[in-house]
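Lettered A, B, C and D in written order, each chain numbered from 1.
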Amino acid sequence: MANSKYEYVRHFELADSLLPSTWLVVRIDGRGFHRFSQSHNFQKPNDRRSIELMNRCAIEVMKDIKDIILAYGESDEYSFIIPKTSNLYSRRASKISSTVVSLFASNFVMHWSEYFREDQLLYAPCFDSRTVCYPNDKILRDYLSWRQADCHINNLFNTTFWALVLKGGMTEIEAENKLKGTLSKDKNEILFTQYDINYNNIDAIYRKGSTIIRKKTEVSTISPRSGELITRTKLIPTAVYDDIIGQEFWDAHPELLEEKKKNNNHA
Amino acid sequence: MANSKYEYVRHFELADSLLPSTWLVVRIDGRGFHRFSQSHNFQKPNDRRSIELMNRCAIEVMKDIKDIILAYGESDEYSFIIPKTSNLYSRRASKISSTVVSLFASNFVMHWSEYFREDQLLYAPCFDSRTVCYPNDKILRDYLSWRQADCHINNLFNTTFWALVLKGGMTEIEAENKLKGTLSKDKNEILFTQYDINYNNIDAIYRKGSTIIRKKTEVSTISPRSGELITRTKLIPTAVYDDIIGQEFWDAHPELLEEKKKNNNHA
Amino acid sequence: MANSKYEYVRHFELADSLLPSTWLVVRIDGRGFHRFSQSHNFQKPNDRRSIELMNRCAIEVMKDIKDIILAYGESDEYSFIIPKTSNLYSRRASKISSTVVSLFASNFVMHWSEYFREDQLLYAPCFDSRTVCYPNDKILRDYLSWRQADCHINNLFNTTFWALVLKGGMTEIEAENKLKGTLSKDKNEILFTQYDINYNNIDAIYRKGSTIIRKKTEVSTISPRSGELITRTKLIPTAVYDDIIGQEFWDAHPELLEEKKKNNNHA
Amino acid sequence: MANSKYEYVRHFELADSLLPSTWLVVRIDGRGFHRFSQSHNFQKPNDRRSIELMNRCAIEVMKDIKDIILAYGESDEYSFIIPKTSNLYSRRASKISSTVVSLFASNFVMHWSEYFREDQLLYAPCFDSRTVCYPNDKILRDYLSWRQADCHINNLFNTTFWALVLKGGMTEIEAENKLKGTLSKDKNEILFTQYDINYNNIDAIYRKGSTIIRKKTEVSTISPRSGELITRTKLIPTAVYDDIIGQEFWDAHPELLEEKKKNNNHA
């Protein structure tokens, strides 16, 4: 075969398998999304269309990659959770990372106009991704808590910052200086006394970020044979805006941390 | 900070730096493109629109990521070459792989309709990617030769196979059996004697694949101040369909393998 | 500094940190110990001196590296267990592997004559090592069970094989053929009926291998000031020959799997 | 097989192959050798016995591991060079690192008394090791230059420091202060004017470190059959004390950097 004398170059492709029996988290992050959000006139402090598009992309990724049990998104990032027992792509890091991120990116463009309507997509978005192992359930939950706490901190800051700018008439530099060194309660106070905003009444989608889980959903189809309406229960990836730091969410969804049984002995 | 007690989870993100002073090749591959090409009625043996869209995506990637000096594509795959001296993203494997593949995927959707016109994109495409180190110029060239030889082998097979099916009226199974065990010269012979096709006259884009290099190109703009036409020379990523196995191509483009000087001592 | 222009070569030393919060097992293995045991006339099926020397080396390693909580040895191999919470050498794989194996090897030579007396050490022994992460207690125990089951299987085979050869007068090839395809109960039967050996009465050190744990031990010293005899309790690495597959051993030593508390939040 | 239900733990042993076609350098380093040299009354600034023992160990390692073409040692460290074409232990990092370091450590104890005579070895020495890839000849030579420049800098400092202490009657702190901020020429000046030492006349073994290469050596044996004296040329690992930074050494030993031909196509 003409090709065989070059084929030795395959040996430079080194293995990159991830440790078995650990949670895998694929986190994708928008590259240059500050500029991207400006070019596309994202509303401040949050652009609902952007969040819903991000959620849609995450849902499409989960429809395609069945091993993902949960995804959590905030701002321009999304984390996809793959169980300890999964053998997706033989747990090869680059295969997992790249598949998720490219599906997310292509769906982002694919579904843009459903959310942004007449606002054209001006250039192709870019995301990076990495896959990280977390050895047990507590650390996985701490990872998700880390991201949701990050969402809270950023959203409270942004909400106050843009209130000062958009409603208070401050320049961005003035608003930044005003908020320097303030605590959460100071920002809550500013929002409440100056702008009549009770932060806790703001939509949960902004305060809590979006969590996609596979929800039991009634799906109706018409039988092609009998013409009857058939209703079945399917697991459909669905966004919720819950607190995922506390215990309540995990008690309500015990299947998430349950050990999936496999036909091998991996614990 | 509310976030700090969870921040330890960062330590699970392990370093994945690639060896300095080696060529980096990011290879992306279409996932499930057999089905994708069927769903979208790709022409056989080659769909010109698909090739040109792939090339366009590679060009967009190179416009964005300046460190890439050359890209080579065939079928549903593309390889991007980053020089030994590059410090792109501190040579972090997952950052490089994911950025390239997500840009490629989002551009694929972005520019689909320019090439496929009224043929709608039915679902989001997916690519995987990996980044591999090659320690020296000879091995890098062998890598590229490997891919171009692969292109040749596949294209000769496909051209003959689809001639037997589309012009010869064979079933796909008959055509496959007919070609089992045949050598290149046998396939050339079938094409020439039965279908009057001289394989060497087939468009180079099919036989050789596409190589994107940064070509000196005259670019004309009208000065916003004087209204004059200004012509400058810029390096524009451009597709060529050359043989890259032989020495000639590399002699014609000596800058490709030239050591880029850097402000450190990396050899 | 004269050295600075070469110092860039440091960047080729890539990070090799092991995943936090996982059990680390350093396994060392004798290289070429079949020949080594022949050159040094090891007794068959087991050489007590060799086992005790191996145990001594493991004890010396544990005296030096306090993070190791348990070691298990059989034949020419030893496994050293480092807890999930340990930050030994910042969990760098090569640092941990090489320190353990070089200490083991130098102690092997150092203490040879205490166990082998007039039988000279003819050449320097060699061991390899690797460090592997195990994400949770169950898998760690399965690892140790794997090694102890291996010890059992090999020792039953060897005991029977050498009975056939040394007591039964068979050649080694005859003995091997005789044992081909036999089950455990067949070997037990041969030992019992032909050689009056009840396998279960064989010393546990041979059947179970050696487990080194840090045992509370009364240590007496004479006070340099008062001349009084002072008795204190210290944790001294000590060999036991217990079954470590069953639950009993772990119930008797609950501290082994207990989470060590640390001053950070690693779970 | 009793063992099979535990055997899955093997999957936690991840691949650690090193990039093909790169130079491999195994560097070992004494752990805690400051204390070790004090406990064993090493002479200052250099202990000839220690250097010769280190060299002996490196020679024994090279006699055992034929792939190593050169070793360079200074102080309590040694670097072993394995060619780009080598496939030693399938280029597995931990196997290579651990084999070299354990052989070195066991030989250190084995041959101690040949060099230290009545001075007993008080405790087992320990070395760590790591294996690093260097992609081309220039970088490999820069690596070796880095180590030899390090040797020069340290030895000039130590020689001056200990002259001030041992001959000049300074305390160690006084000597350290005296040398703070001095350049090479200052130290040369102190040695020459105050202690009549011409640094360049100091034995090369101290100034240049030790380089072990495989030297063609005439070896005489008496034929067991004829009783005749037979003289053959063999390649014997031998210490030289040359400058390895300049070109001369490499011109004198062209085989060191020559591409070893292999029966595969690795470049």
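The rule is short, and it goes like this: contacts are C-beta pairs under 8 Å (C-beta built on N, C-alpha and C of every residue); 3 or more make two chains touch, one makes a residue touch a chain.
All values derive from a computational prediction rather than experimental measurement.
Between A-D and A-B, more C-beta contact pairs join the chains of A-B.
Most remote from chain B, judged by the distance between CA-atom centroids, is C.
Centroids built from CA atoms put chain D at 46 Å from chain B. Each chain gets one centre point, the mean of its Cα atoms, and the points for chain A and chain B are 30 Å apart. Separating the CA-averaged centres of chain A and chain D is a span of 52 Å.
Along chain D, residues 6, 8, 12, 14, 19-21, 133, 139, 142, 265 each make contact with two or more other chains.
Chain-to-chain contact here is organised exhaustively, every possible pair of chains being in touch. On the chain C side of its complex with chain D, the touching residues are 1-3, 6-9, 12-14, 16, 28, 31, 60, 64, 93-95, 97-99, 101-110, 121, 123-134, 139, 142-143, 145-146, 149-150, 152-153, 184. By the touch criterion stated above, chain C contacts chain A in their complex at residues 19-22, 84, 133, 135-136, 138-139, 142, 265, 267.
Residues 5-6, 8, 11-12, 14-15, 17, 19-21, 264-266 of chain C touch chain B in their complex.
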